[in-house]
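Given below, in the form of structure tokens, are the structures.
Below, chain A partners chain B and then partners chain C, in two separate complexes.
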Partner chain A sequence: MIAFAKRARLFALELIVPVALLVLWWFASKDSTSPYFPPLSESWQEFKNVYIWDGFRDDVLAVSLKHFIVGFVVGVSVGFAVGLLIGLSDRARRNLAPLTEFFRATPIVALIPAALIMVGPGMTLEAGLIALGTNWSVMLNTADGVRGVDPVMIDSARAYGLSRSQQIRKIIIPAAMPQVLAGVQVAVALGIAVMVVANMFVSTEGIGYRVVEAQVNFDPKGSWAGIFMIALIGLVITVIYNTIHNRLLAWHRGWRGTAGTN
Partner chain B sequence: METPGRRGLRWPGKYLEPVLVVVAFLALMELAAAQKWFGEEVLPRVTDVVPVLWDDITSGVVLEGTWITVRSWGLAMLIVIAVTIPLGLLLGSSRVLYHATHLTIEIMRTVPSIAALPFLVLVYGIGTKLVVVLVMLIAVWPLLLQTMAGVHDVDPQAKDTGRVYGLSRLQVFRKIVLPSALPYIATGLRISGTLGLLLAIATSLFAGGDGLGALIFSAQLNFDIPLTFARIFVCGLVGLAVYYALVMIERRVLAWHPAYRKEPL
Partner chain C sequence: MDTTTASASEAPAPAAGGQPILQVRDLGVTYGSGKDAVHAVGNLTFDVAAGEFVCIVGPSGCGKTTLLKALAGLITPTRGEAAISGKRVTGPRPDLALVFQDYTRSLMPWLSVRKNVTFPLEAKRLPKAEQHERAQAALDEVGLTGFEDKYPWQLSGGMQQRVAIARAVAYQPSVLLMDEPFAAVDAQVRADLEDLVLRVQRDTDVTVLLVTHDIDESVYLGRRVIALSHRPTTVRRSFDVPLPYPRNQLTTRADPAFIDLRTEVLRMIQEERLAHAGTSGDVVEGAERPQGT
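Let's look at the complex of A and B:
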């Protein structure tokens, strides 16, 4: 009970600043005549008009989020599977390193023009770019995590007669999980960014395109409404991801807690 | 001498095999282009890209674009470092300040700052200023969060021990807090730096100007596919250079730290 009260107080403390900033913005912009910074109330009105709910359904759900989910699932699955294979073999990891490191370091947005020529606009292109953008960080982190598994644990598992596939499932994957998820966390942020950029650049629909459209039409209210929508998407995806992340790693935190240091 | 128990390859194999993999990959690209696996004229031949890349470098065009992009990125990163690290140290060292600001910054970090690009084009026009502002917008959050977390997570026992041994507050900060926060800060700098470069290139790709992104875009507009790929390759090299520069800074600053000590080969 005391712990609960303490957590509630902490949460209240954490909420003060964001709420205060919003209130400040609302009142500071109330009589704003600047074309770029319209009153927050008007941008908010525009947001409600456009995105609740038609724009949300047509641009966000049907286009941007769909591309994100498909691309993200493909990118993370491929990254995890290949990373696991690479991590299990020192030789494969070392030999592929020049390619994997190069592709990870290549800013994915630079590929957009070439990908547009190769694939043409549409779902394949956008989901593909998101998959490409999320794939490498998951792959390389998984490989590192697998490589870093304590050899003593693997030896003990073998001594207890676990087969190779049991070792992978029961020892290697759980032990590598924190690092895998660190890669996925980077992939979430990258995936959202690529989703927006791809939308802006190669699409005629979707949330990124709406923001560009507002810019071309010199409609700052529309721009702000779109920015709010994108901010909300980023926030919700991150919250969902963090919940999954904490659940998957709960056992690990507990273990760390009892193990004491580090 | 080989470490016992490790069936490591001797050095020719160690370097030869990765080189062979790269050569095989390039050969595969060449074959895919020659056989038109992806259709007509979409994937250029490697043998066409190389001379184009060479011309682009010797004429100075791509070097100029690279310099413009890297310069804007570097300028933004310097501002971010100068503002964020002191601020993060301050916010991290007080429990109240840490909890009051943590959630706000987490929220700000999740907002894809690329969303502001079209809007900021209206405000700042196209040029170095726009790139610097956007890079700052994305790079500031990871570094700030990491710095705060680093200071916040300092082992209280270590601080108490320092106090018991008669260190002043400033000494505790310099000798205990700062060193144990440094690994966090270094990681934050690496994340901020790579994200910042992504945005620097995205900005010039989208908004135009003289940066690397704009060069890629203009090559694509002219349907000069070998040149498009040559310039994407340069982007990859820049990304690799930035990444390794940041990793090297991390290693140098943290050479004393157990996690970064050279592993015996």
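Let's look at the complex of A and C:
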């Protein structure tokens, strides 16, 4: 009961700040005549007009989110597979190190101009950029997680006759999962950012493009409406991610809480 | 050296005089090479009879963990060989189970207690029903009935080591190796676990080879105690324990024969330590940890 009350209070606290800021914004901007700072009520109205539901369907679902999902799935899968290989094999790690270091140090958005010339605009380009953007954090975290699996755990699996592939599937991957998901968490944030930026620069549709379009047409309300949409997309994806994370790693929180106490 | 030191060529015979199930011949393990070589195990020869309970004691850093890993087929000995039921150990095998000292590292924290016991059986591709049956029987045997669906980290240290023991029991090995299995728990729990292992050994007739640094424990548990020398490790001496089973924490430990024997073993280990005081021995404990295995 106490734990529940405490959690409810924390949750309320978490909500209070954003809600208070919104209320403050609503009233502070109520009588604003500045073209750069429209009343929140008007931006909200614009949001409803544009994005509920036609804009949501045409720009968000059909373009931005589709690119995000394709790119994210490809990026995370490739990152996981290569990370596993690097974590398991010293030779693979040595051979791939220069490449991984180079790409890790390069902001993916810097590749947009070159990629646009090579690939041309469209789904392939945007999903590809998102895949590149999400790939590295998953790969490097997976490799670290795999290398960090306790050798005693692997020895017990070996002693009990698990084949190499059984060791990988039943011991190494689950043991590395907390770090893999830490990489995925970073990838979620990076993927959303790349999705928006790619829309902005190489597209004539999609949520990022709508924001830029509004800005070019000197339409701050439209810009704000787009920003609300982006924030909502980010929020929903994060909530989905957290749900999956908590389900997969329910054991991890408890285990970490008790580690070293007995 | 005194006359009781076993020479490499003549294996300390099992007390029971039964068929040896485990034969170790001139076994040696060296980590590294050249100037940096660490002779973790020098030259070991001994036999263990089927159904026997043998404890191995020795000064710290004498390569006890390395020995068990070589017997379990986790590392390949540099010299000599070990054989179980007449077949040379070349890798992990289905008739041998190993219980590690540190249950927090050998139990899988993402698996329930039951799953921790069944995963080796799953790997063996036993039918689901049999996996379940064996796991339940083993968990009942170690007193964990009702904890099957908990995670290991929700249990106390002693109960976690019971899970590790249940996993070994459910595997139904003919040889059970235990590497200082009670070193991480407090004294009361330790006594309970000692009696648990004695009971398991009696019930299943499994052959147990248990490594410990606790001399009282070795005498309390074993039918025989094999004392190892300092590095490079050899069998210093094999003691027959003249105490009847079942053993009892109160009466066995108060038995004059118990006290005489533990004093004798202790004296020998201390001599061994003093003889090597200041040499490399005590500081190379870390060399027992896995490296390049």
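Basically, the second predicted complex is superposed on the first by the 255 of 262 C-alpha atoms of A that agree within 3 Å, B and C clash if a C-alpha of one lies under 4 Å from a C-alpha of the other, contacts with A are read in each partner's own complex, and residues count from 1 in each chain.
Here, a residue touches a chain if its C-beta (ideal position, glycine included) is under 8 Å from a C-beta of that chain, and two chains touch if they have at least 3 such contacts.
Treat the numbers as computed from the prediction; the structure is a model and nothing was measured.
K.L.:
Mind working out whether A:155 is in touch with chain B, chain C, both or neither, as first, second, both or neither?
P.N.:
Second partner only, chain C.
K.L.:
So, does A:251 touch the first partner chain B, the second partner chain C, both, or neither?
P.N.:
Once the two structures are laid over each other on A, A:251 reaches chain C alone.
K.L.:
Would you sort A:97 into first (chain B), second (chain C), both or neither based on which partner it touches?
P.N.:
After superposition on chain A, A:97 lies in contact with chain B alone.
K.L.:
Just checking: does A:41 make contact with chain B only, chain C only, both, or neither of them? Give me first, second, both or neither.
P.N.:
In the superposition, A:41 contacts neither chain B nor chain C.
K.L.:
Could you look at A:175 and tell me whether it touches chain B, chain C, both or neither (first, second, both, neither)?
P.N.:
Touch status of A:175: second partner only.
K.L.:
Using the touch definition from the top, say if A:166 reaches chain B (first), chain C (second), both or neither.
P.N.:
second
K.L.:
After superposing on the shared chain, does chain C or chain B touch more chain A residues?
P.N.:
Here the partner covering more residues of chain A is B.
K.L.:
For chain A, give the residues common to its interface with chain B and its interface with chain C.
P.N.:
none
K.L.:
What does chain C use to touch chain A in their complex?
P.N.:
69, 72-74, 92-94, 96-98, 100, 102, 104-106, 108-110, 119-120, 122-124, 151, 153-154, 156-157, 160, 167, 171, 290, 293
K.L.:
Which residues of chain B touch chain A in their complex?
P.N.:
Interface residues on chain B, with respect to chain A: 9, 14, 17-22, 25, 38-39, 42-43, 96, 99-104, 107, 109-112, 114-119, 121-123, 191, 194-195, 197-199, 201-202, 205-206, 212-213, 216-217, 219-220, 223, 225, 228-229, 231-232, 235-236, 239-240, 242-243.
K.L.:
Looking at the complex, which residues from chain A come into contact with chain C?
P.N.:
150-153, 155-163, 166, 170-171, 174-175, 177, 251-252, 254-255, 258-259, 262
K.L.:
Given the complex with chain B, which residues does chain A contribute to the contact?
P.N.:
The contact residues of chain A facing chain B are 10, 13-18, 21, 36, 91, 94-99, 101-114, 116-118, 186, 189-190, 192-193, 196-197, 200-201, 208, 211-212, 214-215, 218, 220, 223-224, 226-227, 230-231, 234-235, 237-238.
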